[in-house]
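The chains carry the letters A, B, C and D, assigned in the order they are written, with residues numbered from 1 in each.
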């Protein structure tokens, strides 16, 4: 197995599918000659040609809409939002058209909308948003937020093979920071199963995306400092959601922290808590705490950004709190 | 006090503000000569003239964007989405521009985006959406979902006077169905306070919009049939959220159902449950149950629509469940 | 395409079907049996029929809008299927999840609209693009109104199609009103087809009540598309002869305007032409017309006897799982 | 507006400020001290300065984009304020919540952009509309690129402005590239100003490296707007002489193209003209230039000494409560 960055692993997953299946193509802004704003598609144009690596005009609605049309006509488009923030311009296409087509027509719309999301890298309010719960709440759209290179590859392959529209959130802060062993060639990670990335018995942290790394850091810290055994569950896919996988951990520890980088209010964390508090009520020994960003845009200056976003310390604090309850 | 329909009460609130404050104007599609798709603005053009009741081209992004610009320049626009579903076309303007301006610039953007939402009237998937939680999770946007005529008027007046962008969800199913006494003239209902619409001691139902009426119907039914005392709390404004108002009821009853018409997963119900389960954990005698629409678009045929949407029976069933726990 | 008398008869027949579909739906509405909107396309028959007729129904693909009943018929949609879909009864291809003209029938190469105006134009472009990537030319024809033309997605889609030289044909149905909003409050250009140049595509404004002219213009557009010369915009000028939907009394439309346009009735005028040219006799046409209406009504009656789809359909197919 | 030598000197001075702002930022970038993007506007000085100069800075309002540093200077923005905002230091009008050119300074009648291309055009239109409703004519000037022009909101805003005859001026900065994407892959029309007719507005394509021509054309647009004749679109043809931002080596741009455009350098050419016309001497200009650059660097140095805003600012002002 090769050690790849999170970014390389995603590229590897897409490349694998493009080699395997001629109906897969990419479309986005500056993904061809330039290789993408983060160079994720570097070399793709040379390998697959301009018919399969399509540089589109700056038109997110057209990019998503044309992908839907191509999907209706038997292709499997992978559309890039240069930053996930710009998905707001293609929002109507995803929620109104893509998300309702299976239900209304019974016709598959196999397509992926992917791109870099998230903050912590000193971008600005328009290059840092974590908007996954918008699509969770859209109905008819699958939502994926990988945290590790192997998952990123395996979930990307599943996303491309899925018969439904998938919004695939890559975290730009993980792109080059997170490396890991990634199986070469075929590597499918099915949707809808959590990954217990660290076993533990005292407290469960349920997280996804960048928050999984915050949770791991906190878990290691707390084990060292106070001997706490923290289980970290990476839910990986928000839609479909592996409720049983989460409950399994909750039943074991009885104490839970839910963490995500997206802002708190109206986020997916609430959904997770609601499921836990409905289905594992009698197992809970403490209130479920959430750790998430403050309810504001993601600010630009590093001082503010650090204050507003969640991090390992904040997760650790919440873990201590539920452990002490 | 006059008895007005929910629709008349909203119109009354807007009219009151337009009479009082020359900086208030309306903009939307077919709101002038035609008086709006639901005739909510009937008579407005005659009373206020075409400079204050602006018929715009079919351009939700331009309508919202121009409203933002006018708000930056001292006006208080009230923008209509002919159906709230079409807010997806103005989505970027609301979340990217309106919702971030106070934070970034410290300049007020006093504007209201309003329109008919919700299902149950045999419309179709594109004329029935309940999308309030998208804006709850946008940050920087207030979100209002009135259930009664007096609140609808009083909250509309508060919305227009607010210094911030407000998305105001009117429920089209309530427009003519719900009547009630509405104070004439000045009537301000402040944001951020729940309304206990029925006192009770056994179970609390926390709801908003059309679900408040489902809850009331269920409460009356259950009192009659099994003598259960159900408290119904109408949260009225999702942002700002009166957490303490909700917790007060929860601490009293210890048993809670959360209800909304929007689809379940990723909805605001999760947020409510998360707050309750964090802040009132020790008061809970039963798991919190949610009642909401099935996670699908709202279907067209009455058989399907009825099955998919929540109703009083489904709320009653959930109440029985938590009462029996 | 040479205009034979056989083609002329087919054009007329399709227009009559569109017209009588309208009459049948109106009757239903008046009986209080229709739900959802009843969107008349009175006055629009020549535009729908003439445009769709320019396509090859076996190779090309249709993305109709809410007033394009005529186009469905040209693409061979049968009346019962259409009615069942429209009224969301058991057997609907949408299983009750949606109704009116929102259905898709891939076998007939018809992909219906969503309510959000303009949203299907990029989708139509993408459908053609898929075949373009395969080296096949599939013309997509779609429609937008004088009002819907202002939606941002229309712009993105047209520019996209022009850059990629997609075989997309956009018929702009300028029927003077968008709900209650007249042209003068929707746009400030002279003709909506003035926008074609700004995309680098062909564009023309024509009389949308003249079915043969519509057919001719669209045939040229199809030929251009097949030659790989990209998209075309055809603005068909017509008049919406009834309210936006049947609940609308359209009192905002000046009576004189309606009278003026009544003289340009696409169906009546074409009948006169056909009769004058002795292609069909007035009697033959009357018979055809009556039969068409009674077929429509019979289909409605059959449809109304069908129950709505089972409630459980509402819980299926949010996702397609294989 | 009669072009006096005084005006010419001011045009040059503002262009030099824009140019040296760039040079100063570049230096900063190379020192690894800049964060966020550094978007050079090299080659764009004449467009920014000439366009903004056509406005009345006391009455009109500016909605600049990411390469319009020159416009800020024309509107009297001082270098320190700009730098502090740009680099998000304490004292920034945005309190660290945002940076680069995203600030607003209502006293100076400048409202900055958001990253989402095209999103501020409807906002600029609405700003003018508010005054139009009050019976006052406030011209809004805003900008978009050859790439950003394809965004749907641009279409909606322009149509809206044309219908309501709003005094909006849109400068299309066609600098040949949108990030790595050349004009040929962004649009298929000849000139982007070909779109003006489709909105029923005035439009022109001009050499965007000629500051006096830009000023003249925009002055006419302002006059038209003040006469109540509605919006204008001015396409200024220039070249983006550096990468999209400084991390971009722009190897996708053919070297010959850069050489060709180097000959059209708006600043150097204007200097030659000014010197030739004996309005200023070469020495005077060199002195001015050096002073401008050193002022910029001094402002940067002062700014870099400032701390970032306090963390607690991040928790304020999500809403404005009165």
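Observations
In this section, contacts are C-beta pairs under 8 Å (C-beta built on N, C-alpha and C of every residue); 3 or more make two chains touch, one makes a residue touch a chain.
In this text the structure is predicted, and so the values were computed from the model without any measurement.
Common neighbours of chain B and chain D under the contact rule above are A, C. Among the remaining chains, those touching chain A and also chain B are C, D. Between chain A and chain C the centroid-to-centroid distance comes to 41 Å (mean Cα coordinates, whole Å). In this assembly, the C-alpha centroid of chain B lies 36 Å from the C-alpha centroid of chain C. The mean-CA centres of chain C and chain D are about 45 angstrom from one another, to the nearest whole unit. Of all residues in chain D, those touching 2 or more other chains are 94-95, 97-98, 102, 114, 116, 150-153, 156, 159-160, 163, 185-187, 318, listed in ascending order. Counting partner chains per residue, chain A has residues 56-57, 59-62, 85, 88-89, 92, 96, 100, 103-104, 125-126, 139-140, 295-297, 299 touching two or more of them. Taken as a graph of touching chains, this assembly is complete, with every chain in contact with every other. Those residues of chain B lying in contact with chain A across their complex are 85, 88-89, 91-92, 95-96, 99-100, 103-104, 125-126, 131, 133-134, 136-137, 139-140, 238-239, 241, 258, 262-263, 265-274, 276-279, 281, 284, 286-290, 295-297, 299. Per the touch definition, chain D reaches chain A in the complex via residues 35-36, 88-89, 92, 94-100, 102, 114-117, 147-148, 150-153, 178-181, 185-187, 248, 252, 307-315, 318.
For chain B in complex with chain C, the residues that touch the partner chain are 29-30, 32-34, 37, 55-59, 61-62, 83, 85-86, 88-89, 122-127, 294-297, 299-308.
Considering their complex, residues 150-156, 159-160, 162-163, 165, 185-190, 192, 194-201, 230 of chain D touch chain C. Those residues of chain C lying in contact with chain A across their complex are 93-95, 97-98, 102-104, 106, 111, 114, 116, 119-131, 133, 138, 140, 152-153, 156-157, 159-160, 163, 317-322.
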